[in-house]
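Think of it as A, B and C in the order they're written, each chain with its own count starting at 1.
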Amino acid sequence: MRAPDDSLKTRIGDVLLAVEDVSLAFGGVKAINGVSFDIRQGEIRAIIGPNGAGKTSMLNVINGFYHPQQGRITFKGKTRSRMRPHEAASGGIARTFQNVALFRGMSALDNIMAGRTLKMNVNFFWQMFRRGPAMREEIEHRRFVEEIIDFLKIQDIRRTPVGRLPYGLQKRVELGRALAMEPELLLLDEPMAGMNLEEKEDMSRYILDVNEYYGTTIALIEHDMGVVMDLSDRVVVLDHGEKIADGTPDEVKRNQAVIDAYLGVAH
Amino acid sequence: MDILYKIFIDPFMQMGGAPDLLVQTLWEGLVAGMLYALIALGFVLIFKASGVFNFAQGIMVVFAALTLVGVYDLLRGAGVPSGWLAAYLALAIALGVMGILAFAVERVVLRPLVNQPDIILFMATFGLTYFLIGFGEFVFGGNPKRMIAGELNLPSGAVEFKMAGGFVAMQKIDIAAVLIVSVMVAGLSFFFQRTRIGRALRAVADSHKAALSVGISLEQIWVVVWFAAGIVALTTGIMWGARSEVSFSLQIIALKALPVLILGGFTSIPGAIVGGLIIGIGEKLGEFYWGPLLGSGIESWLAYFIALLFLLFRPQGLFGEKIIERI
Amino acid sequence: MLYREAGQFKTNYVDDQAVFPIRQDRIGIAVILAVAFVGIPLFGSDFFISAVMVPLLVFSLAAIGLNILTGYTGLLSLGTGGFMGVGAFACYKLTTIFPDVNIIIWILVSGFFSCGIGILFGLPSLRIKGFYLAVATLSAQFFLDWAFVRIPWLVNNNTSGAIEVPSRYLFGMPITGPMAQPEVRYLVVLSIVALLTLIASNLVHGRIGRSWMAVRDMDLAAELIGIRLYRTKLLAFAVSSYYCGVAGALMVFLWYGSAEPAVFGIDQSFFILFMVIIGGLGSLVGSFFGAALIYGMPIILKAIVGLVGLQISPATVEHLTFMAVGGLIILFLIIEPAGLARLWQVGKQKLRVWPFPY
């Protein structure tokens, strides 16, 4: 268990993002039903729940990929009924995906460089000649990306097309791409799914480091309860699209509704 | 103002003024539409069962027709007297050739490409298209040929109906085409809905396991659908060929099936029919009433524009369901 | 000379971000350029220059154009022929209306016209994808085909309905029209193609190229990292059709000398698409390889037929070419979907570790 109470107070700040009463349906399927919760600056917030609970859909709502039929999203003090993907990205929300969504034909380096796109703005003219400002910009961002590559220890696969990398490394490159956006809020969708124990430990380390050194706020979906207990400051539990619990890992673990949901007790 | 009048008022005045011409145009649109639909049907069959967007369907139409006529000539050269016997023999052989084609395509093209992205398979059918053009011309020569419609006992000549204050002429072959297409569509629908293989075919579209559980291998199913598409192609080829002549320039017409598919969706048989009719009728009306404004010949692209317009408002086609992408 | 990167440590990212990080590659490029700019004009026969090299360069440029759209951005287009036509007709109109402006300028400007048309027909790409978009580009192809034939103004009301290239000069030397020497035409084409290839290479290696490929590989993820899908796709349409337009203008002005609208038909679109597929989707070098293979195939076939001593009619050679091209497309998609460019990469990789197989 991490984060004794006093350090928690200094590390965690105001509400960074709040969703209120969000509902989302696909045709007849209610994926999310009137869910509210918030994410505070600097914390690691876990979202858990059984399969099909609506966790991924929630992240998709947060970064504007799904448009909820109802509800409000407040991000950095601005309230709106829905996010737009571009708004979310430029506002500092980055994301990894449950099923790795890398650019398969591109090298690891290019994937991570692509994460810098929003920070690059040299115009078409200079790009045509790859000189002057265009080259300077490219180098500057390459330097930043190399830091990420060192941090994630993926130096030797820089030039490999990611489609050919093993799954665990792909997940790491994807994290790298998200970090390249220098996000304020990082959404991780099952970053450790399908990993062995060692890889999970590595990934946990990276997540904690990102949170501690860069102060990045993290929302994390994870099925491995051990990992959730170790990493997160607060946990929100979804089931069948509804929020059934919200609190510290300890509170949630003892919550009867949560135990029932995981044991499959009928409601 | 004048141009607005010509676009929005004048054509309708003409329609009202000479309803028999309107009926005639509609009829021609209907026939063309049915034939487009028939080509589209071949696409749908294959797409439904194997997820392959078969660009070569249009060429298969020409190839099938060419084989039929070519074999007929060969038979006569070999001493079989002209007439229905040679024609039906040629028909049987052409069917056999389409079967071999289906088999070869499965072996040489589909099987090695099984798990490739759709777009790769799509492009492979471009290769197939060119191969078939080259092969067809190599074997049967490149010059246009006459379809052996009479020998196959298809009617010729026209009938006139007194209608709408004038006369409407219908080619008998067109009437036959409409009838045959209707029978074919009904037959295919029956096949898909009621027979074991047909249901298995539909199952493949959903899940390959399901197909295996019915006891039919994927390979067999592919051969069957490609053969079915070949039969549809042969039918289409005979009908189109009877209306003009058989040559590879028909492929341009065959491409018109693409906008039809866009309207009707890639997986729906009724969609192919409705799409075909919309395109066929829209195109003929457009050409007849609005074409002169633009210097005529707009038939060559109108179908695509109609489809494009629809697409902008309903990207999933007329009958497709709206899909929300996941990530 | 050994092909090695060993010992060539990159001390800074400038070198490492270079398009050709390995010295031997840079030497290779220099040699190719020297041969192309000096060797071929000096030693190539007129036939070789005007019937092999010029067409090859023109097709390579068109293939690069289509590759930007289809290979890099993943938007399948069947309208290349039409876009090439726009460039050719625009160039013709411009040079006949303003004959005093240098033709090279007009060739480069004419690309902007097809760029505009390309953007127009790229607009639906916001809402439609894949096969659907391919059909949308077919509408461009057929509409343009029709327009080239039906609007006599485009060919200055020539009774032939064809573009007849006038003579134009550079430093007093004819570079277009019947009097232009093959070497001169070749050098003009080569310069333009070299320049545009360089620009394409710069674009695809930077931010813009990465955005294109991101959209190709996973458009939804691209959108979520802040890439504007629509702008990126439209830019690809714009750049791609610019290249095709210039290629079309070069084709008519520096190769054909006169051209009927039929030249820009759907067959041309397929022809170029095949070059891109066989050369390698998403590879600039591949565009050259693909152009060489597809354009060279009938020539090679004819040569083989001649060697074997068979009597075969030109029509049959054409049919065989079709079969061979179709077969090759399928073959490449099966054994090497990344095309000739990939084989080239593999070859280089082998060379790099030679003589050790691993």
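Just so it is clear, a contact is a pair of C-beta atoms (placed from the backbone, for glycine too) under 8 Å apart; a residue touches a chain by one contact, two chains touch by 3 or more.
Just so you know, these numbers come straight off a predicted model, no measurement behind them.
J.: Measuring from CA centroids, which chain ends up nearest the centre of the complete protein set?
T.: C
J.: Report back the single chain whose CA centre is most distant from the CA centre of subunit A.
T.: So the farthest one, by centre of C-alpha atoms, is B.
J.: Subunit B to subunit C: how many Å between their CA centres?
T.: 33
J.: Between subunit A and subunit C, what's the gap in Å when you average each chain's C-alpha atoms?
T.: Each chain's C-alpha centroid was found; their separation is 42 Å.
J.: With chain centres taken as the means of their Cα atoms, state the distance from subunit A to subunit B in Å.
T.: That pair's centroid distance is 49 Å.
J.: Among the residues of subunit C, which ones contact at least 2 other chains?
T.: Answer for subunit C, listing residues that touch two or more other chains: 220-221, 224.
J.: Where in subunit A do residues touch two or more other chains at once?
T.: 65, 97, 101
J.: Which parts of subunit B, given as residue numbers and ranges, touch two or more other chains?
T.: Subunit B, residues with two or more chain partners: 327.
J.: Inside the complex, what are the residues of subunit C that reach subunit B?
T.: 74, 76, 124, 127-128, 130-132, 134-136, 138-139, 142-143, 145-146, 149-150, 220-221, 224, 266, 270, 273-274, 277, 315-316, 318-330, 333-334, 337
J.: Residues of subunit A touching subunit B in their complex?
T.: 26, 60, 65-66, 97, 99, 101
J.: Could you pull out which subunit B residues touch subunit A in their complex?
T.: Contacts found on subunit B: 324, 327.
J.: Under the touch definition given earlier, write down the residues of subunit A that touch subunit C in their complex.
T.: 63-65, 85-86, 88-90, 94-95, 97, 101-106, 110, 113-118, 120, 122, 124, 127-130, 134-135, 137-139, 142-143, 146, 177-178, 181
J.: Flag every residue of subunit B that touches subunit C in the complex, lowest number first.
T.: Listed in rising order, the residues are 53, 108-109, 112-113, 116, 118-120, 122-124, 126-135, 137-138, 142, 252, 255, 258-259, 261-262, 266, 294-295, 297-298, 300-301, 304-305, 307-308, 311-312, 315, 325, 327.
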